[in-house]
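Shared between the two complexes below is chain A, which has chain B as its partner in the first and chain C in the second.
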Partner chain A sequence: MMEYLGYIAIGAGATVGLTAAAFVIGIALAVPVEWVRRTAPPFVRGLVNAAIDVIRAVPNLVWLFLVFFGMPQFGIVLGPWPTAIIVLGMYSTACIAEILRGGIAAIGQGQWEAANALGLRQFDRARFVVAPQVLRVTIPVLATFAISLLKESALASTIGVLEITYRAGYATQRTGDGLTMFLVAGVIYLLLSLPLAFASRRVDGRLRARFSLG
Partner chain B sequence: MQFGDLVAVDDVSLTVDRGEVVAIIGPSGAGKSSFLRCLNLLETPTRGRIRVGDFTLQIDAGQPAPKAREVHRLRSHFGMVFQGFNLFPHLTALENISLAQRRVLGRPQDESDSRSRELLERVGLAEKALSYPGHCSGGQQQRIAIARALALEPAVMLFDEPTSALDPEIGLEVLQVMRELADEGVTMVVVTHELAFARDVSDRIVVMVSGAILEEGPPAQLLRHPQHARTRKFLSAVLDR
Partner chain C sequence: MDTILETLAALFPGLGTAAVLAGITLALAYPLGAVFALCIDAPIRFVRLAAVAVVEVGRGLPLLVLLYLIYRGLPQADIVLDPLPSAVIAFTWSIGSYATEMIRSSIQAVPDGQTDAARALNLPDRVAFFSVILPQALRIAIPPLMNLAIKTFQLTSLGYAITLSEVMQAAHRHGSVHFKFLESFVVAAVIYAAVIIPCSVLARRLERRLSLHLRPVQGVNATTQ
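Let's turn to the complex of A and B:
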């Protein structure tokens, strides 16, 4: 019995690893995606919007199966890990791009005008005026998204990534005690997301004390 | 200059001498802000010519918008102060004033910071260097915004109702700073409803109505003997408040 608790707990490494990888990909790609969306001609902007909508409209479970079971028909065979990272990474990119868009929209017109009147170039305006304020307003939303991504990563169990949920399922098959095994899994998810929520509130509160947005 | 079909500024021409202070007054919706914002291309005029010193930018109807380089060069000649201050809330007063010095003029940090401190002293806010705008009063914020605009050593300072968002008493401290700038010979174009300021500080008052200049002249003459009934009506409305 106890051996299975350890067996499930070890899955936390894979869960956190997958979530972190997808989140980092999301941030790294969403920033240039949002830049393109704001600067490119309308046609390109439309394409980006369409891609974001498609990624978000189709359930991640379907994406996982499409990539994992569908791509081999084109001769592209990806293992469970690459599949999960690609699918959740794309999903993060789409969601974080939308979060950034909301954050940018929250910045007052006067901020852009002041930056323009000072003669700041487009990149400097983004880097020194817009980005810090977007970060400030989006920290709580990004943290909420990270927590939902943590839960979303459980889907990877269906294609054989040995994370928490997969292991709880396997342990249930071996012991027949699904209640205990999935309770353990639930508690581990809880323990993983609590620090995220806590850290987000702390950072948010600290920034809020320093400045409020104009 | 148009918003869609609405012509906000129609064929306005204004020449300002170096060191001159011009006050623009007029009823709401007259196009005062729009005109001011055309000067540094915050709004893009349909057509027109902007000349500062020996730099000229010509905009023709139907031609592509001016290149970013040209726009930046033009803007470097103007400093702008907004009704709503528009300080960067995530930066301290000092950082607000230093940012463009470093990124636009390429000044090294120590040089830009010491220049910023001088400017803060000049607007009477030396002690606020490390404060965030959110921790400053409206009047203080506006004085920081003036220092920020001055830091780039513009040829002309543009003010769009700099005291309208402040209570009258607080507005005085901003007007006092502007008086000092005028005395120091800073060229200024000021959109304002403060007739006392226009009378005492400006060299010329321009009255805008319906997107055009209705009349202009030295303050004493214009305020005492306005030529147009529309001007008289506007002046008495402002004075009656």
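Let's turn to the complex of A and C:
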């Protein structure tokens, strides 16, 4: 019995790793995606918007199965890990792009006008005026998203990534005690999301002090 | 073409199950959410703590884990439930917890001036809450609750994990019988997108209409709020 508790707990590494990978991909890709959405001609913009809508509309479980069971018909065989990272990375790119859009929309019209009046070049305006303010308003939203991504990563258990939920399922098969095993899994998820919530509140407070918009 | 139609026919019944699950869940979760929103700020300590615990667990655990906990865990306590009732319980718990937080923050979003005004008019607290604050709060809560409803439908795909015969389960079965996973899951994706994208567009439009009065006036450096 006890050995299975450790067996489940080790899965926290895979859960956190998968979540972190997807989140980093999301941040890295969402910034250029949002840049394209703001500067590209309307046609391209429409295409990007449509892609984001489709990624978010189709459930992640469907995407996972589509890539994991469907792609081999094209001769593309991906293991559980690459599949999970691609699907969750794509999902977090779409979600973070939307978060950034909201953050940019929250910047007052006067900020753009002031930046232009100062003759800032486009890049400097983005770097010194837009980015700090977007960061300020999006950090708490990004933290909330990271926590939801942590829970979303449980879906990877359905294609055999050995993370918390998968291990709890396996331990249930071996011992028959699903109640204990999934309670343990649940507690681990709670413990994992607590520090994230705490850290976000601290960072939020610090940024609030530094970029106080009074 | 024939295989696509065949697949569509095989998956379509799953849409009914998904709709039933989402419908029952929302019918239970939203009223419960309102009750829990009140309980979290209740004057009695025990009620408050119990409500916080239920909501935090509901929001903190992945829905998949809640599903497994009820479908594969409860039999350990001699409670054996079919897939649909199990899914309804897990979904109501999770979605209800999100609804609780949305309704609660909507109540807090009603400007303080409304409470002051109600007090100035000497309205009893109960009347002030139920006829002044709550109607405004519910109006604020409508857009997020609509999005949560759409999310709920999307999440019915998790029913697959506990052998509930919804769209995903049907797609997986059809895919493994005919060995056509790609076609099955593409059709499943199209079914979800066909329901969710129009709903999202409608929700966005309604949200814009509901918040028209909050928009700053064009050309004026409006400092509302």
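The rule is short, and it goes like this: the second predicted complex is superposed on the first by the 211 of 214 C-alpha atoms of A that agree within 3 Å, B and C clash if a C-alpha of one lies under 4 Å from a C-alpha of the other, contacts with A are read in each partner's own complex, and residues count from 1 in each chain.
Everything that follows uses one rule, which is that a contact is a pair of C-beta atoms (placed from the backbone, for glycine too) under 8 Å apart; a residue touches a chain by one contact, two chains touch by 3 or more.
Keep in mind that what you see is a predicted model, and the values were worked out from it rather than measured.
S.K.: Have a look at where A:Ala185 lands relative to chain B and chain C in the superposition and call it first, second, both or neither.
M.R.: The answer is second: A:Ala185 touches chain C but not chain B.
S.K.: Counting touched residues of chain A, say whether chain B or chain C comes out ahead.
M.R.: Touched residues of chain A are more numerous for C.
S.K.: Scan A:Gly110 for contacts with chain B and chain C and give back first, second, both or neither.
M.R.: A:Gly110 contacts both chain B and chain C.
S.K.: Using the superposition on chain A described above, determine whether A:Pro132 touches chain B (first), chain C (second), both, or neither.
M.R.: So A:Pro132 only meets chain B here.
S.K.: After superposition on the shared chain, which partner residues are touched by A:Glu152: those of chain B (first), chain C (second), both, or neither?
M.R.: Second partner only.
S.K.: Would you please give the residues of chain A that touch chain B in one complex and also touch chain C in the other complex?
M.R.: 110
S.K.: Which bits of chain B are touching chain A when the two form their complex?
M.R.: Checking each residue of chain B against chain A gives 40, 42, 68, 72, 75-76, 78-80, 82, 84-90, 99-100, 103-104, 132-134, 145, 148-149, 152.
S.K.: Can you list the chain C residues touching chain A in their complex?
M.R.: Against chain A, the touching part of chain C is residues 56-57, 60-66, 68-69, 72-77, 154-155, 157-158, 160-161, 168, 171-172, 175, 180-182, 185-186, 188-189, 192-193, 196-197, 200, 221.
S.K.: If you look only at chain A, which of its residues touch chain B in the complex?
M.R.: Answer in residue numbers: 108, 110-111, 113-122, 124, 128-129, 132-133, 136, 210-214.
S.K.: Could you please specify the touching residues of chain A with respect to chain C in the complex?
M.R.: Residue list for chain A touching chain C: 53-54, 57-59, 61-63, 65-66, 69-74, 109-110, 151-155, 157-158, 165, 168-169, 172, 176-183, 185-186, 189-190, 193.
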